[in-house]
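I'd like to ask some things about the structure below.
Read from first to last, the chains carry the letters A, B, C, D and E; within each, the first residue is number 1.
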Amino acid sequence: SGSGRQETTTEGGGQETGTAADDGELGERVPTLTFQYWSDQGPPTVLFEETISNIQSVASDLGIQIETQPMTTAQGITAVGDDVRDFHVAVNSHGPDPGRLDPNNLLQSYSIDRAGANGEYNPSNYANAEFSELVDQQATIGVPEERRQVVGEAMSIYSEDMPFVPTIERPTTAALNTDMVQPIEAGGAGLSAVNWSALVESGAQTQSGTDTILANLPGEFLTSSFYPTVGDTDSLGLYTQLTHSPLMLYNSDYERVPVLAEDWEVSDDGTEVTFNLRDATFHNGDPVTAGDVKWTYEFLSEQYHAGNYQWTALPEELTVEAVDDSTARFVTPDPAPTLVTAQLPTFGVLPRDPYVEAGIEENPTDFEDPMIGAGPYRISTYNNQENIALEPHDGNPQFQVETPIVMQIYDSVSAVRRAFENGELSIAVTLTPDAGRQIADSMGDTAQIVNGAAFLPFGMMPQMSFAPGMFREFRQALSYAVDRQGLNETYAFGESEEVTYCTFNSQQHPWYDEQYLTEVGEETRNVEAARQALSDAGWGWDDQGRLHYPPGAELEAWPEGETPNPENF
Amino acid sequence: MSVAERVRAYRDSDFAIIARRTLRNLLSERITRFAFGVLLVVLILGVVGPMIAPYPYNEQQTTASGELMRYEPPSLEHPLGTNDRGEDVLSRLLIGARTTLITGLLAGGLMMTVGLSVGMTAGYVGGKTESLLMRLVDFMYGIPFIPFAIVLITFFGAGFYTTIAILGLVLWRFIARVIRSQVLQIKQRPYIMAARASGASTPWIMRKHILPNIANMAGLFFAMGVGLAILEQAGLSFIGVTDPFTPTWGIMIRNANQAGRVADAWWWSFPPGIMIALTVLSLYLLGRGYEGGGDDEVVV
Amino acid sequence: MSRLRYFARRTAVTAVLIFLVASALFLFFRLMPGDYTSLLIQQGMDPQQIEALRRKWGLAAPLHVQYVRYIVNLLTADVGQSFRYGEPVWDLVAPRILNSFVLVAPAITATYIIGGLFGAIMGRRRGGYLEKSGIITVSAFHSIPDFFLGIILIAVFSSTLGIFPTSGMLSTPTSIMIQDQPYWRRFLLPEFWKHYALPFATVMLYFMQYPALIMRNSVVEVSDQEFLHYHRLKGLPESTLLRKIIRHASLPVVTLYPISLAASISGLVLIEIVFNWPGIGSLLVSSVLARDFPVIQFVFLVAAVWVILGNFLVDLLYGVLDPRVSVSGSDGE
Amino acid sequence: MSDGAPVLELRSLEKHFDTTSGITETIRNRLVGEGPKLVRAVDDLNLTLAENQVQGVIGESGCGKTTLLRTIIGLYDPTGGEMRFHGRPTSEFTKDEWKEFRRHVQIVFQDPFNSLDPKFSVRRTLAEPLEIHGIDYDRTDIEEMLESVGLTPASQYIQQFPNQLSGGEKQRVAIARALITEPDVILADEPASMLDVSTQAEILNLLNELTDEFGVSMVYISHDLSTVSYICDHINVMYLGRIVEKAPTRALLADPKHPYTQALIRSIPIPDPHYDREQATIGGEPGDPIDMPEGCRFKNRCPERMDVCDETPLDVAPDGDGDREVACHLYYDHEERAGAEPKPAASDGGERP
Amino acid sequence: MAEPILEFDDVDIRYRTDGDDVRAVNGASFAIDEGDYFGLVGESGCGKSTIADSIVGGLDDNGEVVSGEIRFKGEQIQDYSESEFNENVRWKEVSVIPQSSMNSLDPVMKLSEQAVEMAKYHTDLSRPAALDRLRELFDVVGLSESRISDYPHQFSGGMQQRAIIAFALFLQPSLIIADEPTTALDVIMQDQIMDYINGLKDDWDVSMLLITHDISLVFENCDSMAVMHGGQIAETGTVDDVFDRPRHPYAILLQNAFPDVRFPDRELAVIDGHPPQLRDEVDFCTFADRCPWAEPACREGAPPATPVAGDDDHLAWCVRAGEMSELAANHLERSTESTSILEGGQ
């Protein structure tokens, strides 16, 4: 295992036997543990706090003391990136960016060359050379099955090493006022601001008497930086699913479905992907052609590498051939497996001419966006930072919608809930489970509560660059000590799922594969098992029941302020 | 000296006489008597609250069958009901009295210390020092408090005591202003001149003459400062940048709001809200103390 | 000193102060751990890309270079681009400021007028029941945390009674409808006023304390002044006397008004959040959390300048309203 | 203490305030070539205070009396001239000597209502100067002092705070405070003028007694000649920073030389309906200490103005009486003094607090 | 002598307070004859301003004339309402030169505006006419006409005082109440102001109530006078009467407490003690506690008015007024024994 390797490489053997506790010898005392969490995340923050309370309630049983360190997200990330060792465990989560529907992004995050004090974000400062090699490998495997295999192996190392202690799945909660909107069918993903697929799939319709769907949006989703210059991937959900259709798209079961493309074919070596386009028109009535596809993705790639568009992450040497009007072929010198799983499903096709006319090529970050796409909705009104009005567009080959939508920005969940209950909104998204519950209580049948799960779980990230997070047994103990069911109960009213396998992908994720994963805990807490894990590894407790390291344990995986040397791992 | 003598000596000292007189003045009005009463109760709660709390403040209450008792309305068992996590609200309110009080007193004390030092120095020393310090105060006034506090909190972390320090280190501005103008007035008084003419040094005059003469006003502003600190702390809690594991009253409101239950779980949000309002009101009323206690300066 | 020279001098001092504020803000925010790119890292952006971005945003340059650039830009009225939103800070901030102003200016103005009148009445009924209960009432409203006050009002008037909408400035369809029309058109809509009522009331109730109490003290003070007695002895009728009292007593209130207007910008953060008012306060808070330096710097600068100018204005106002104030004397006060 | 030398001697003492405000104005003055705007509050002032003597200084409001007093006590640094205490120039004083000096020179203020610290009981008020100077004392010292200023029984007053005392009592305490360090000189700034007549008499009588009993010298400042004449041996008439006439009290009252003194005396109302007072004939307002006229400062109001008044008058002793001097051209023998150039008024300097 | 223009007949004035009422004036009786200058002297707080205020209805809100009669030109005015005062008394008939001129002019109004305002409420003078009148009066009091539209703060204290005198004359009243018109001024300035005030007698045909604590001003400028102590009138009479034959102990001592520049060596009289607080019913002589000749009778009932030497115009409110010439003999002979040094030198 990863941590096992650490122990052998650090000299001063003895602790490997793990029997110290028996002869009553104790190592250094485990200090008060600092749990850091992001205090500015809204509903997730509530869960972070909940998680810490959850551990706190058994802290004395484990012989540890816990201190909390709320931090803003930016600060917390910086602290990890610089390997600042003033907290031991970070309680936070990976955001459900659409790009993460391919495992590459998160695998890369945990690779060894991002660990240590180099300003790069390896959330646990996880350092495992073997894992990192596999991560590098999978990124260029063109054959899907082969890649799946390598990813699986990497995940298995990761899972075994447990750099992440998962707790529960990230729930999504939305509500529809059934007096105003007809109920919808939603997949496992539910309905959320980053994932409107359920809405477009169902072709959501208003009830008679109302003619517009009113939905809320969190503040960051509606700024004048719209697609293609969007500020972060979160908001891409809005564009790709509603207004700017890509070639294919993840649906509300996190499966790829064709949109503008009929189908696609990946060459054996994975360097070519060929799309057959369907008949579709842009909002201005022009047909979607291979030329538009070529221009769109080559342009996005170019801009990304020029540092302008922050999110596109398309391969640098991407070329797109317009084989004919309805066939486009993506070519990369090396296999680029994430193209079809991560990037292309997130970026809609743009009509070349209107955008070139608008001056996007000369001035890619500051031009008058004509706001034309091929999505099922057309932007009819756009009020910067306030609201956006969408009208149905009937040229989309995949989704047929009929009702206009207006989305309004709301800053807090309570405000959304109040507005919803007050009849000011017909759809409320990004609710907390609690809010969903309240709406159900107060509105009964007139509200449809849509529960779903994002594809990433919540959890804790012990800092593995130093003790105690560097010891697997400690992480294991933490995993045993957390009461997943309790969390699910208090935070999600039982609407979520406990995650007992170590993974950064939850069951909803298209790449979730239990056969590679290690089960690291139980649904309810098991303090005994936690203590056992520690004492098995030579940890012990003094008279006052305070936890001590094994005698002579080395307490740093690498010195603070440095980066780990892959040779040592 | 025997204890009795010492007590008597103290009782006869100028300080004690003045303190008694001030107290009597304050107690002579019904409004301030009421304020005193409230504060006394809060103070007592702050001291004994944690001891009389019926449950541990962070214990999740469950029914006999092991079910979590969340959002229980008030009952005999839980006079103020339970919150989203099934914790006893009364117990948290009682614990909150102490933490809120500590926040207020420490932050108020800090404000007082900084405000007093700056105000006194500016007022007494005058000249360049004064304009420099007063520009600093202007500058402090130019700072929008809540956003700036968030900035500071990200510097120093959102600990309970850091928040207090930040409150104290930003909000002293109004005290400095008032104290300065007060000192400016006092320093013109002939008795200061007399002391100077007798050879008293600047520190002596500051300590023996100026300080005692602004003590009343300082005390009142301390009261207002405590109130202000409690309010602003609640505001910061509401935004969510303070340590939520220390259940101050502000945190309680914030949690209730975050759960979206301010109105329906009124037993959770209103008691801390009312306690804050009562405490702060009492402090304000006390701070207003005698007529025209410089209200116009207190724009924060 | 002539008024003109005084004015010039005050302007110079003000300009220097603003410059200092701008510098201090720059330094302060650059010392904050983390910048916006950290958020990008977490969200999966490539380290190389981040580097490129940092270079592009000038975050990679040494601090002093960044500083010089910042100041030069400021002088050329270039306040930069938001990192987070990638659009010019000014475009981002301007509509927000307008929205805040639409709420603050009338609310604070009304607060000062109504509070002032109420204070004047209290001052005239010195020692009476009205005065005592009045003081307690206005203080009580200032003792309830403003956000809590807002929440209570929402709970009562929106959630329970359903008289007013819970949040926002306009209902969404309406705001879409009038979006191409001039800004003032919304003032013609009854709906706007419905949205306006609760935040307005919150601001008013919360901030009523200052003008009311100051006016009261001021009226009490002015009523005791010799010249008033003299006016009375001269046989001026009661109504004229009252007008004079109010005129004199308003001085401190009037001069506090600009500062109050400016200071409330930060106080209103919470109220804006509670009512989902699309103002500057909520943008500022979220920008601080995201380390969107250009936005933070600019908004803080605006706030500071607003207060500084407010002070400046007060000084000038004082000179106009009260012929006694010698312009040279008020400097440094 | 050197014998023979007067307790206090002021020679050409000057205190000018620079009221130029700010850098801009200073620069402008430089450019235009104007000097700084000086308030010549005390200008070329001579005064000698012998042991056990009471010197009165009278003059209109704003003529510089208070400034003089503050300069003497060392609250202001003189801009020019010299001050000698027992023959020793104060400019040579070390820090310790200054402290010692302050013990020997004490002050009593005009406004009894503000000259006592409201937070100090009578005991502490009196103890303070002793503590500052590290002099041992006990309660009886303080009580004795209180009794000697007429606050009997002392034990009744010692615990009182100023707000429990009447104006006259306050002023007595202030006098006691001034006397408690056994000073050589007391500077009194109209200590009775804010009191009611009946109380005023009390204080005047007390000061009269005390100067005899304690053997202190006193500089007594006032604008009210009737009280000054009551307590002082000598009177100095001050006009716009200068002393324009000095003489023993009776001589001055009976035969004022300077037109200003004459006007001053003639303006005093007499409490006697049968007395027909000759009214003063001067008009106008006191001059402005910033823009003072060339030559005699009184010339614009002077009923006796002559051409020569554009020259600065020197002090002369009319009738050759060494005890009195007057600064007025009327009393020059101009021929004799022809050639004697008036001293140019010193300038420069600013406030050095 | 002419008819009295103003009469006080056994007037009691009280201020209501939270605690005990302040009985500021008790049983005050005096009369001012038409064309007379009448001086009112007494220590601070003895009720001088209260008397002045009661004539023009200017008592503070908590003050009230509780008994007795105040007659102005024969009209009883003690129960007048604000508007009756405005119509019948204030300014047209009685004007005031208030105690503190420095603070009495409205600081934010030009002097001309203040005059125009006065004209507006009491006359039908047009604005230019009002300004002309003000110019005229400025000339009378020795102020430059060009300065009528200055703000008060642009005037020195003496000039403000003169402006106020001009205001007092504005409507040619029949009585002017001058409440300590010169307290804040220097002697020379005081002398000039008193000179103006005195000059009015000849040119304007007014009566004057001159309130001061400086008895010499009264002696110099008034025809008759009253001495007050502790809310009671101690003695009234012509100034000569009071000076030559004071019969109230306070009047006697007060004169002796005054330093007289003519006699710098004279021993000043000291009046021990303080005036009483006037919180209880005043049925005693308020000077009794300070009086060297007090006897039990002084504390049993308010002292009656005793005519001095059978002169009904010279009254002393003292039970021992008749014996005073003997009792206070050494006080009464004071000024005669020494010679004035002013004359002595000349």
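Throughout what follows, contacts are C-beta pairs under 8 Å (C-beta built on N, C-alpha and C of every residue); 3 or more make two chains touch, one makes a residue touch a chain.
These numbers were taken from a predicted model, which means no experiment stands behind them.
Asker: Going only through chains that touch each other, what is the minimum step count from subunit B to subunit C?
Answerer: 1
Asker: Spell out the chains that contact subunit A while also contacting subunit C.
Answerer: Touching subunit A and subunit C alike, sorted by label: B.
Asker: Report back the single chain whose CA centre is most distant from the CA centre of subunit B.
Answerer: E
Asker: Which chain has its C-alpha centroid farthest away from the centroid of subunit D?
Answerer: A
Asker: Using CA atom averages as chain centres, what separation in Å is found between subunit B and subunit E?
Answerer: Subunit B and subunit E have C-alpha centres separated by 53 Å.
Asker: Need the CA-centroid distance for the pair subunit A / subunit E, whole Å please.
Answerer: 91
Asker: Return the distance between the CA-based centres of subunit C and subunit E, expressed in whole Å.
Answerer: 54
Asker: Quick one: subunit B and subunit D, Cα centre-to-centre, how many Å?
Answerer: The mean C-alpha positions of subunit B and subunit D differ by 50 Å.
Asker: If you look at subunit B, which of its residues touch at least two other chains?
Answerer: Those would be 150, 154, 257, 262.
Asker: On subunit D, where are the residues touching two or more other chains?
Answerer: none
Asker: Please output the residues of subunit B touching subunit D within their complex, sorted ascending.
Answerer: 12, 14, 17-18, 189-191, 193-200, 204, 208-209, 212-213, 215
Asker: Which residues of subunit E touch subunit D once you look at their complex with the stated criterion?
Answerer: 43-44, 142, 156, 158-159, 186-192, 194-195, 213-217, 219-220, 239-240, 243, 253-255, 257-262, 264, 267-271, 274, 335, 341-342, 344-346
Asker: Give the list of subunit A residues in touch with subunit C in this complex.
Answerer: 40, 72-75, 77-79, 81, 95, 97, 99-100, 105-106, 109, 114, 119-121, 123, 212, 214, 219-220, 223-225, 229, 231-234, 304, 307, 310-311, 313, 365-366, 380-381, 383-387, 389, 406-412, 415, 418-419, 421-422, 424
Asker: Along subunit C, where are the residues that touch subunit E in the complex?
Answerer: 127, 225-227, 229-238, 240, 244, 247-248, 321-324
Asker: Using the touch rule from the top, collect the residues of subunit D that touch subunit E in their complex.
Answerer: Within the complex, subunit D contacts subunit E at residues 60-61, 166, 196-198, 200-202, 204-205, 223-227, 229-230, 249-251, 253-255, 263-275, 277, 279-280, 282-283, 285-286.
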